[in-house]
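For reference, the structure discussed in these notes is given below.
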Amino acid sequence: MTSNSTTFDGPSRSLQRNLALLCAAIIFCIPLIQPGQYIIHLLIMCLMWSYIYTSWSIMGRLGLVSFGHGAFLGVGAYTGVLLWNYLGVSPWLGALAAVVVTALLAVLIGYPCFRMKIVGHYFALVTLALSEVVRLIIIGLRDYTGGSLGMTPRTALAQGQEIALGAMQFADKRIWLYLVLVCWLLALYVWHRVDRSMARLALQAISEQEEAAASIGINVRAVKLGLMVLSAAMTCLGGVLYAQYQLYVNPENLSGIGVSLQMVFGVVAGGMFVMLGPTMGAVFLLLLSEGLRLLIGNDLHGVDLAIYGALLVIFIIFMPKGILGTLLHRYDTYVQKRRAKVDVPAKASATPAALSVLESRP
Amino acid sequence: MLSLRNVSAGYGSFQAIVDVSLDVYPGEAVAVIGPNGAGKTTLLRAISKLIPASGRFVVEGRDYTSTPPHEVLGLGLAQVPEHRRLFPLMSVEENLRMGAFLPSARKNWREKLERVYTLFPKMRERRNQAAGTMSGGEQQMCAIGRALMSGPKLLLLDEPSAGLAPVIVQAIFDVVRQMRAEGYTVLIVEQNIHQVLKVVDRAYLLETGKIRNSGSAAELLASDDLRKAYLGI
Amino acid sequence: MDTIFDIYLLEALCNGLLLGGLFALLSLGLNLVFGVMDVVWICYAELIMVGMYAIWWLHTAQGMPVFLACLMGIAFVALLGAAMHQFIIRPVLQAEPINQLLVTGGVLFFLQAGATVVFGIEFRNLGVQLSSINVGEMSFSMSRLLSFAVAAAAIVAISLFLRKTFIGTAIRAISQDRAIMPLMGVNPARIYLTASALGGGLAGLGAALLVLQYDVHPAIGLSFGPLIFLICVLGGLGNLIGGFLAAFVFAQFISVGGFFFQLEWGYVFAFIFFIAVMFWKPQGLLAKRA
């Protein structure tokens, strides 16, 4: 994915912002027309996975491709449920604990990785191993976690009770819808802020090329680590939300390489470098899996994953910008051609290149 | 033996050499001299087809403009690249061996090896030493030896004196003289005009990508162009 | 009864040694490919899994004798590796490294899911029973010993290949200076293809050795895949000797860890050990380049 100059400052930025706000407004109003539980459930799933994918892409778009975010998802989900079931700790506090654990894990993995030269490769392999290790730990602690069979949070809703705020359990799906909507918007905002500060950093780095490589190097490392903690923490919260909504957790769905790769695929399919790319990817994946379920039925387990894998390969080779990314790129070029009388020279490839330029210093 | 006509090459939008034409006749030693940034290395890269270039390239009457880079050696053009570029973790002997990778060169590579060792006795001493641990001058000898292993007709040398002490530079140019005596055709690209003009028959002056002047070594040594190019007066 | 010396611990240590040989072979292919092309085959374990299935299918469903099935399996995975390089990796070789990682990730997904669809999730066994050898009170399975012997032989063969042949020397050279290879008359594309086939072949050999000892199921790549990655990273990605040493270290962790605790925890401890080493020496035990 060579140039993302379009997302640097193209007109597609404001387009996406407006689109996001528009979607939020629409979703906000949807419960008013009573669309039924299934639609609301779909929307919740869309938004939740969009949130999770966006959290992943905060790292991914800067070249820090993690193949193990499932680990953070799992830690979030299980920490919340375990603390609630065995210690009665409210999931709200449990989420906090989960974030702390996740942050520690992120630093533990990220710190040694970011000191090495070929970060990308080491990082991918180590995070892959991490997600598997987390899954094994969950299974290994089967006496507490139920192992591969999964576990459910102790229900706090009495008969007919709709809201158990302390237990983060809501029978009314609409509450979940609004909650996840807010989270999604927050994630987009965070993405936007990170993007802006990365742009600033990149310009700074490019202009400060004369300074001692060491000082810039340390700066970059701290930035990467910070981003990793942020991304991991956000993903972890996604796990907490998932656990509390679905009221069931399982190591296969929430940790391990399956869900990790699915995250990667989703973001790549949507567009790794644009703000709404991950969201597009989540929607795409959900539509794809629902569509496949209708076509093939539930019998052939694994066909959908096989198709994901093949599509991932095809996307990378032919459409590395992803669906939305490619569309927005076309839009940007179109708008820029119409606006400018002079050919706008291609801006230097932005943030990923800047980070990698700094990396390649001896 | 080698002919370039209207060759232009560069990196991206920057054209490092523009409309260069030159000839090298069999048995000759020709130099391309010029100050830093003149485009000398780009020229050699273009000749070995390591970078895309426009124009015509002819070797021994054959047009090789569209030959892929790894087939250029098979045409008899062997380059000793800038900064030697030996394989640092491999031994001297292994580096030399790599020079004979061409199927045509593999057949009697041990003979060729012997000849290189005879030419460079120091290399025989250090045959099992890791190439990266040798001194600059030794590395240069090894690099030249590696180029010889393919049994080339034309030797391309990219700034062989770069980064070497004057005494070593002398030794290297003595080697070049020896190459000539053995019958190799040589094209050297150099910044060190004094040394190189003592060794070659003719030279081209390359400045900001264009050939400014050419002539016999003696002529060029005396010309004003040279002074202008190097000293700006 | 002051038994300082537990015979079963010794057995675990020896088994760790045998396992180490196998791991060393498995990591060799990955390191080789990375050394030549700077591409990590994230799907490496899945290639091995496919090889295992191929051998199982040839022997069980087609009635081929085991030895022949293994040979065919090796050839098959070698072809698979070359094909994967030619059609999937080559198009993205010039792009950013992320793309290469992602593309092999996609293959991982595809192979794992594809195996589920074709073969189902049951565990399949080759049905080959080899005896055990008893040394004192320790018992070692023949298949383990055989694996070690074959792995050792293969490693020696590859070393000789890399040292003595022109292609092997070119493979070593290209990892040290890629840009000047054309000046040696070497076509990098051909070296890449050769290395890919070699990597695939080594995966196939690993598959042959594994299928003798273990059952195969679609997710089996997850059991040893991450382990191979950690081994390679620990030894320094691309460093053949480093990987070799790291393999034995890890094998001991698994073997001894599995002796004291359940097998899963051996894995976890190996990972913790790995992280600890990464903090201390981030370039890996022996980095490839200075």
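We just call them A, B and C in the order they show up, numbering each chain from 1.
Keep in mind that, in the parts below, a residue touches a chain if its C-beta (ideal position, glycine included) is under 8 Å from a C-beta of that chain, and two chains touch if they have at least 3 such contacts.
Predicted model, so just to flag it, every value in this text is computed and none were measured.
> Answer with line, ring, star, complete or other to describe the graph linking chains that touch.
line
> Going by the contact definition up top, give me the pair of chains with the most C-beta pairs touching.
Here the largest contact count links A-C.
> How many Å are there between the centre of chain A and the centre of chain C, using C-alpha atoms for each centre?
Whole-Å distance between the two chain centres: 31.
> Taking each chain's centre as its mean C-alpha position, how far apart are chain A and chain B in Å?
53
> List the centre-to-centre spacing of chain B and chain C in whole Å, with centres computed as mean CA coordinates.
Centre-to-centre distance between chain B and chain C: 43 Å.
> Under the definition above, what is the set of chain C residues touching chain B in their complex?
166, 169-170, 172-173, 176-177, 179-188
> Enumerate the contact residues on chain C facing chain A in the complex.
The touching residues are 34, 38, 40, 42, 88, 91-92, 95-99, 101-103, 105-114, 116-117, 121, 218, 222, 225-227, 229-230, 232-233, 237, 262, 264-265, 267-268, 271, 274-275, 278-279, 282-283.
> Please output the residues of chain B touching chain C within their complex, sorted ascending.
Interface residues on the chain B side: 48-50, 68-74, 78-79, 81, 85, 87-90, 94, 97-102, 105-106, 146, 150.
> Chain C touches which residues of chain A in the complex?
Chain A reaches chain C through residues 1-2, 63, 65, 67, 108-109, 111-113, 115-118, 120-122, 124-126, 128-130, 132-133, 136-137, 139-140, 256-257, 261, 264-265, 268, 300-313, 315-317, 320, 352.
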